[in-house]
Amino acid sequence: MSTLLQVSGVTKRFGGLTAVREASFVVKAGEILGLLGPNGSGKTTMMNLISGNLRPDAGGIAFENTEIAGRRPHLIARDGVARTFQLVRVVGEMNARENVMAGLAFRKSPLWGSAAEDEADRLLERVGLAGRAQTPAADMTYIDQKRLELARALGLKPRLLLLDEWLAGLNQTELEGGVSLIRSLGEDGVTVIMVEHVMAAIRSLCGRCVVMNAGAIIAEGSTGDVMADPAVVSAYLGDEHA
Amino acid sequence: MKNSPAFVIGAGAILFAALAFVPFYVDGYGLALAIGIASYTILATAWALFSGPTRYISLATVAFFGVGAYTVAVLGEVLPWPLVMLVAAINGMLLALVVGLSTLRLAGIYFVIFTFGLTELIKQLVTWYEVKITRTVGRYVFLDIDQQTIYWQLLALAAILFLVGYLIGRSRLGFALRIIGGDETVARHVGIDTTHAKVALFVLSALFMTLTGAIMAPRWTYIDPAIAFNPQVSFQAVIMALLGGVQRLWGPVLGVIPMTLLFEYLNANFPNYFILILGIVFMLIVYLLPQGVAGAVSSLRAWSRRDGKSVEEAR
Amino acid sequence: MLTNAILSGLTMGGMYALVAMGLTLQYGVSRIMNLAYGEFVIAASFVAFLLFTSGGLSPLVSLLIIVPAGFAVSYLVYGILLTPLVRRARSREALEADSILSTFGLLFIVQGLMLVFFGGNYTSYSYFNTPVQILGTTIAANRLVVLGFAVLFGAACYFFLMRTRTGVALRAVAVDPIAAGLVAVDVRWAAALAFALGGAIAVTGGVLVSMFLTFNANIGVVFTMKALIVVIMGGVGNVAGALAAGIILGLVESFVATFVDPGLTIAVTYAVFLAVLLVRPGGLFGTAK
C-alpha cells in the first residue's frame, strides 16, 4: 500500500507544556488506523495538527507527498482531509440538510443548489438520518449530531478522514451500527485515522495502531502486537502492571 | 411561487418604484423624514448584512459614512458627481479592507473595540490635517443637488443594497457567512476561507455606508469632523438594526421606521433627554427583544405552528 | 522639556494604569466588556466637582464617599443588569456579545444623566494648583498628589490580588472559571465582586482625574478606549501588565504631544494599539497563544 500521510518529527508546545514531542508515523492509503493513548497523551493535538487547526513548532506533515504542516485549515480541508470533533460541532440553527451542504459547498469540486440538496440527503441516509433533512441540528440528540457531523465530513469527499472519539457515548446497538458504518467507509477507499477508547471497536476495525503517551509515540504496528506491547500496557495501567 | 427569485425581485422593484413618487405627495418636512428613513435604512441594513451573519459587532458605521461625506466636501466642486461617488466608494472600500484584514482574523471582542475607536481616530486625523495643512476646521459644500434628488439617490442605493443582499443570501458566500456565524471552527474545516469571506462582506457593507455619507453630504452646507463623524449615527444604526432583527434582510427596516420617528419626536420635544432615552430604548431592546422584531415575529409564527410548544425551542 | 514630558507622561500613565486596572478586573474576572466604564470615571469626576464647589469638600476627602458608592453602584449594576445576561448566555462568547450591547446602552444612560444634570460644557475646578519646582521643571502640585495616590491605590490593589485569599480566588476565576469552580471558588460571587471592585477603581480614577483635567459629559468614551488599549496591551486580566502598559501609554502620549504634535496623540495611541493587536494579541507581556 502507498503512503497517504507521513508525519515526521512533529513537535507542538503550549507554553511550557510539550503536547506532542517529535512524533513520526505513516498512514497508508486505504487503511483504518487507530490512534490510541491515555487522556492527555496528545492524540487530539495530533488531529488538530493534521487538520491544520494548530501549527506545529517543528517537523513536517506530508499528505499525498505534499507538505501541509502549518497550512490553513480550509486549504487542508479542500485537499481532502475531513474531520469530526471530540466535542461534537454542528451549526445548531441550521437544519440537517444545510449542515451537510456545508461540507459540499466549499470543497474542491463544490456542489450547490439542488445537486447539493440531493447529495446531502443521500449522505444523511448513509449515516442513518434518512428523512431528518429538515430537523434543526440543535434539536437532535447527541448521537444524531455525531452522525450529522460525519455526514458533513463525508460531504468533503475526503481521502483522509479524522474521527476524534466518534464512537464515544454510543450504546451497544448504536456502537455496532457505527462500527459497520466506519468499516463501509474503509471499503469505499476512504483512509481513516480514529482516536478511540472503545477497544472492541479498535480490534474489529483497525489493522494497525499508533499509541501515544505524554506527547510521544511509544508504539506503532499491527493492532494485536501493539496491544501486547509492555510499554503500551504500562502507559494505560501504570508501571506496576508492566 | 412566493419565494421564487423572479417574484421577490419583481415585487421589490414595484415597491421601490412606488416609493420613488413619495416626494410628489409630501411637504418639505415629510421629505426630510423620508430622507432620514432612507439613509438609516441603508446604514442599518448594510450593518446587519455584515454583523448579522458573522456576529461581529461593528461600531464604525459613521467612520465610513464620514469618509463618504468628506470625500464630497473635498472633491464635490472639483470633479463631476459620478466621479466623486466613485472616489468616495474607493476610499471607503480601501479603509474597510485595511481595517478588515487587520482585525477580522482576531476574536470578535478586539474587532468591537477597534471599531469603537476607529471613528474617533479618523476624526482626530481629519481634524489634525485640516488644522495643520489646510488651516480650516470646516468646509462649505455648495452643490446644486436638491432634496428630491438626494432622496432618489438614496432610494436607488437602497434598492441596489436589497438586491445585493438578497442575492448574497442565496449565494455560497451568504451560506458561508451563516456557517461562520454558527461555528467558525466548523467553517474552516469544511473548506471556507473565513477571513476572505468576512473581509469581502465587511468591505461590501462599508461601501454602502460610504455612499450614503456621500449622498447625504450636500444636505449640510457646512461640514466639519464633528458633524461628519458623529458617533451617534453608528449607535443609532446599531439600535435600529437590533430592534428590527439582524437575521433577515428585511429585519432592520422594521426598526428604522419607528426609531427614526421616535428620534425625530425626541429631538424636537426633549432635546436634553435625548441621549438618556436613547440608552433606555437600547437597553429595552437588548433585554426584551434579543432577536429583534423580525425574530419575534418568526418565533411567534413557529410558536403558533407548533401549537403550544415553547418559543425557546423555535429559536 | 524632557523632564517635563517624562513627569507629565508618568502622571497620565499612572492614571491610565489605575483606571485600566479596574477594567482588567471587570473583563478578566467577570468577562463583562464594560463599554460604559469611562462614563463611570467621568461621573465620579462630576460628583467630586459637585462636592468640592457646593460642599467645599476636598476631592481627597470625597474619595471616602465616592469610592464605596462606586463599589455599591457597580455591584448593583452587575446584580440587576448583568446577571440576567450571565444566566441566559450559552457560552463565553455569547456573554461577551450580550454584555457589550448591554453596557453600550448603559453608556448612553449614564452619559444622558450627566448631560441632564451638568450639561455638555467643559468643567474644571482648581484644587491644590500651586506650582512646584521639581528636577528643574515646574509642575502643578495636584499632579504629584494624583500620581502619589495612583501609585498607592495601584499598590493596594496589586497586594490585594496577589497576597490575599480573595485576590487569589479572583485570579483563579480569571484564568479558568470552571477549574476555579471545582476548587470551591464561588464563580458568581467572584464575578460580582470583581465587577464592583473594578467600578470602585474607576471612580477613584475619576476623582483623581478631576483634580487636574477639564472634563465634560462626552469624554467618557476616551477613557474607555484608553483603558481598553492598556488592558489589551498589558494582557487581559494581567494587573502588573496593565500597570506597565498604562505608564508606557502615558509616556508615549506625552512625548508625542511635546515633541511631535498634540493633535496626533490619539492617532499615535491607536497606532500603538493596532500594532499590539496584530503582533501580540495576547498582550505585550502575555504568552502568545
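Remarks
Lettered A, B and C in written order, each chain numbered from 1.
Please note the rule applied: a residue touches a chain if its C-beta (ideal position, glycine included) is under 8 Å from a C-beta of that chain, and two chains touch if they have at least 3 such contacts.
The shown structure was predicted, so the numbers you read here are calculated from the model rather than taken from an experiment.
Using the average of C-alpha coordinates as each chain's centre, A ends up farthest from subunit B. Chain closest to the overall centre, judged by the mean of its C-alpha atoms against the mean of all protein C-alpha atoms: B.
With each centre defined as the average position of its C-alpha atoms, the distance from subunit B to subunit C rounds to 31 Å.
Centroids built from CA atoms put subunit C at 47 Å from subunit A.
Distance between chain centres (mean CA atoms), subunit A to subunit B: 42 Å. Along subunit B, no residue makes contact with two or more other chains. Partner subunit C is touched in their complex by these residues of subunit B: 55, 57, 59, 102-103, 106-110, 112-114, 116-117, 120-121, 124-125, 127-128, 131-132, 231, 235, 238, 242, 272-280, 282-283, 286-287, 290.
Within the complex formed with subunit B, the residues of subunit C that make contact are 33, 35, 81, 84, 93, 96-98, 100-102, 104-113, 115-116, 221-222, 224-225, 228-229, 232, 261, 263-264, 266-267, 270, 273-274, 277-278, 281. Chain contact summary for the complex, subunit A toward subunit B: residues 51-53, 72-74, 77-78, 82-83, 85, 89-94, 98, 101-103, 105-108, 110, 112, 139, 152, 155-156. Listing the residues of subunit B that touch subunit A in their complex gives 172, 175-176, 178-179, 182-183, 185-194, 313, 315.
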